[in-house]
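In the part that follows, the structures are each spelled out as structure tokens.
Same chain, two partners: chain A is paired with chain B first, then with chain C.
On to the complex of A and B.
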């Protein structure tokens, strides 16, 4: 008796009307995210009262923020050894090292990304319309190609899934402090990301030229080099530029692990409570990122619709 | 027109840009110069001392009970199970929770800031002309709002999460807040910029209709912009959540008990087997997050 009445209540309910009127799935998603957020807050003991800093933290925070408009131009330490280079030079040197780490890492990553990305792109090895002209090629396409393709995909995802700082920690343990190892630590996950995106760009670029070349008898390598790659190149370089910006941030943060980039000096000044110097390094980092951000943004606006 | 001329014409019309060429060339020169700068010590990495260090290190990656022993899957399994029970599962859960809390906060921040940074909405007469053309004061003040909003978003996203968390930790003390806030601030900068771009590219007619009915700005935002932006916003939301998971693993190194904390802890104690295993757990979470994100984004694309 009560079952049908329950059904009628449900069918009359505002919930169902809301569901029918089309806001249903949005409401569902927002509700799910709210539940997820609450779960996270509970797991992490996020208490809004902890957002109010203690008296010590408050004083330090005030002092830190008050120096935002007065970044240091000279050292704040009471004793500066004779012959220490002036602070602006030291900042510029840190900026230089940060750029060097990032540029070296991105150059390795672009090379690796191009190789792995083209192996992970379906555009050229699965698209032989004749299914391979010779027996050997047919066997190759059915056996070797899928293995190489799948293997590359797995490799890319492995490289990407370990953060550059974790690679850096691994290499620190394996080699000790070595700048070259830091560059490789950045380059590995960046290679994975670039390879993934390059493969997507290659797969999405128009295929007409490639098909024409193929019909004219070009080999798969020729089709790739002259039919696919030239069209994808603008997008590829624009994206590489964007990743260079990210590499600058990563390279600066590596300093926290003892490498001579911006993060190293920033952390050292902060721990000595030299907040003016901290702001100098922060502004240097922000300026560096902004320049490249503007540059890569201008490139993307022109090419990537 | 002969075929030759036609081909030459096509060649001349191919898409190209001097700006892109010069930029790529500049980046290439910078990359080559960086290798010759002498800062990187490329030959030093493979010195005999470092290679010996590496060999010892690789030996210590093997789970401790198996070092110098024959491989035994049972022993390895029990070792891994104990490690997971002791810290792995809890740390993995906290890592996920950090990323979820951060991205939800970042979404709030982005949705509040984005309308202010969108030129189409933050204008003296949004979407419909007013009775009189706006005066110079109103025009400049709305321009200031747009530039202020954009400047804030750029500032937010130009700060690396790690640096933000490091600075916040000193002020807020060792709770999860510094990490959550650092991730939320950086990502609200990115999400806010992307959302502002979506808002600027929206078809203006629904908002014009709302304004014509007398809706005020907050009402246009809530009933016009948010519903229209929602599907594409979700795509970006999950895309940024992926990176949040990656970063949350690492930010634990600053002292919050996520995976990163136990990873540097294991390194400090020279327990490289444990460190390596926990890094693999982190990688597994990232892969899992990627899968969830890809799946949801596909759903949104299909039904959104």
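On to the complex of A and C.
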């Protein structure tokens, strides 16, 4: 009779002592992550030796890397048909198409993100501490608002959970190689991401000014537009610019499906083992992202500093 | 400024936060049109809650708050907004939008009662006469040159004047100020209180102001309400108050010995 009770007392106190002496939640989480990592390595049969390339691969890799310092300025093909435009023009055209696709997608996404982000923000629904008296408003706050809020959150998650390349595959199957399909394929997941982050920015913005406008008789829409939104706008525009950079990369990669963006030419050159051209296209993409980064930084300094 | 006058009244008002913390306890108060009243008392006495009740942004747990004899609890949301439009508040934390210009922060005072399109026009393309009026008010509070400055580039004292200007641009009948001098140096504090009292007097506004600074309260406000633990310890014309009243308001021992020597409760309606 005393044996199990003694055992349970011992184990309980030992656990408690270990817990108090610092294992705690943090230790538990770190331990669980380590176990998960090891398990994954075993399941995937990870072997560092797989990273050692074969002789052919090594030579190709060397050649590819060595061309990094010698990007092509003219075509590397042995035969270039008469009337083909020079390589730099082709690169610039690809850059232009990449920018156009990205810009079209991000404009749609910012618009949708602002609308859905506002609906998914709790700042929109905050209760007027003195104005809950009307029955209509009580019903609205108790039942309509949570449904709109929750529904928007679910919609945002659905849009985000499918990657733009998967959307592209879907739309390619449905509409063929149409420009609009490509734009929508980028715009849908980007709308979801923008909406989620916009909602969080709005929720974290200080609400004192909004409360002051409400106290001066402003309606909820006015409070939102002129008390809350202005304070969130610098962060919102900074994040939108960052997503524009991401959209440029997505737009470039969409070229792999046949759209005339950087990815299309990049893949073609790579397949022909024209590594100099590959680097030219890569540098064009890097330059593009750097320019957008510099541009957004300059705008932010003007608005925020 | 228009001479629209307004009175405020509290009747047996109690406010409970979270079901138990009692911010105000059976308070009675009447502030007549054009009257100037100061609320004094230690921190946590309920001064801010009292001002929030008077501005129609806090519901009393029990009792009635009346603006011009109409019970705020009975109003529809639209009517409540109409009442709030007539009450200008200078908040303790100023509650300005830091990354907007002074002009726009002041313009925002008059959003109440406008349509969304009308308010967008006011804020984005303000009519010349409104800009002119904002400039006039900024001149009155002494920062006319800051009209197009970004608000977060101003000093604490200047920002406070923006908050005052916004409340005045609202063209209120009642001016409420919650510790308007807590964020400025003593010299500025004096100026600010003087300014608020002076403007209210000239425009016939009803003025309610909470103040930590007893000296300023006694100098500028003709009537003082002493709050402590959500109860009015006194409510009298300032010239009928003496040092003993203020001593009892802040005295610490009374908290423990209320059974022996109860704090006198004045009920003035």
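By our rule, the second predicted complex is superposed on the first by the 255 of 305 C-alpha atoms of A that agree within 3 Å, B and C clash if a C-alpha of one lies under 4 Å from a C-alpha of the other, contacts with A are read in each partner's own complex, and residues count from 1 in each chain.
By our rule, contacts are C-beta pairs under 8 Å (C-beta built on N, C-alpha and C of every residue); 3 or more make two chains touch, one makes a residue touch a chain.
Not measured: the values here are computed from a predicted model.
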{"item": "Partners on chain A (chain B, chain C) - clash or fit", "value": "clash"}
{"item": "Which of chain B and chain C A:302 touches, first, second, both or neither", "value": "first"}
{"item": "Comparing the two partners chain B and chain C, which touches a greater set of residues in chain A", "value": "B"}
{"item": "First (chain B), second (chain C), both or neither touched by A:147", "value": "neither"}
{"item": "Which superposed partner A:234 touches (first chain B, second chain C, both, neither)", "value": "both"}
{"item": "Touching partner for A:97 - first (chain B), second (chain C), both, neither", "value": "first"}
{"item": "Partner chain(s) touched by A:170 [first = chain B, second = chain C, both, neither]", "value": "first"}
{"item": "Footprint overlap on chain A, where chain B in one structure and chain C in the other make contact", "value": "234, 303"}
{"item": "List of chain B residues in touch with chain A within their complex", "value": "15, 17, 19-20, 23-24, 27-28, 30-35, 37, 39-42, 44-45, 50, 53-54, 57-58, 93-94, 96-98, 100-101, 104, 107, 154-155, 158-160, 162-163, 166-167, 170-173, 175-177, 180, 227, 230, 234, 246-247, 249-250, 253, 260, 263-264, 267, 272, 275-276, 279, 282-284, 286-287, 290, 303-304"}
{"item": "Complex interface listing, chain A residues touching chain C", "value": "128-134, 137, 208-209, 211-219, 221-222, 225-227, 230-231, 233-234, 303-304"}
{"item": "Contact footprint of chain A on chain C as seen in their complex", "value": "55-59, 72-77, 80-89, 91, 93-100, 104, 108-109, 111-114, 116, 119-120, 123, 166-167, 170"}
{"item": "Chain B-touching residues of chain A, taken from the complex the two chains share", "value": "23, 25-26, 29, 33-34, 36-37, 39-41, 43-47, 50-51, 53-54, 57-58, 60-61, 64, 97, 99-101, 103-104, 106-107, 157-158, 160-163, 165-166, 169-170, 172-176, 178-181, 183, 234, 237-238, 240-241, 244, 249-250, 252-253, 256, 263, 266-267, 270, 278, 282, 285-286, 289-290, 293, 295, 298-299, 302-303"}
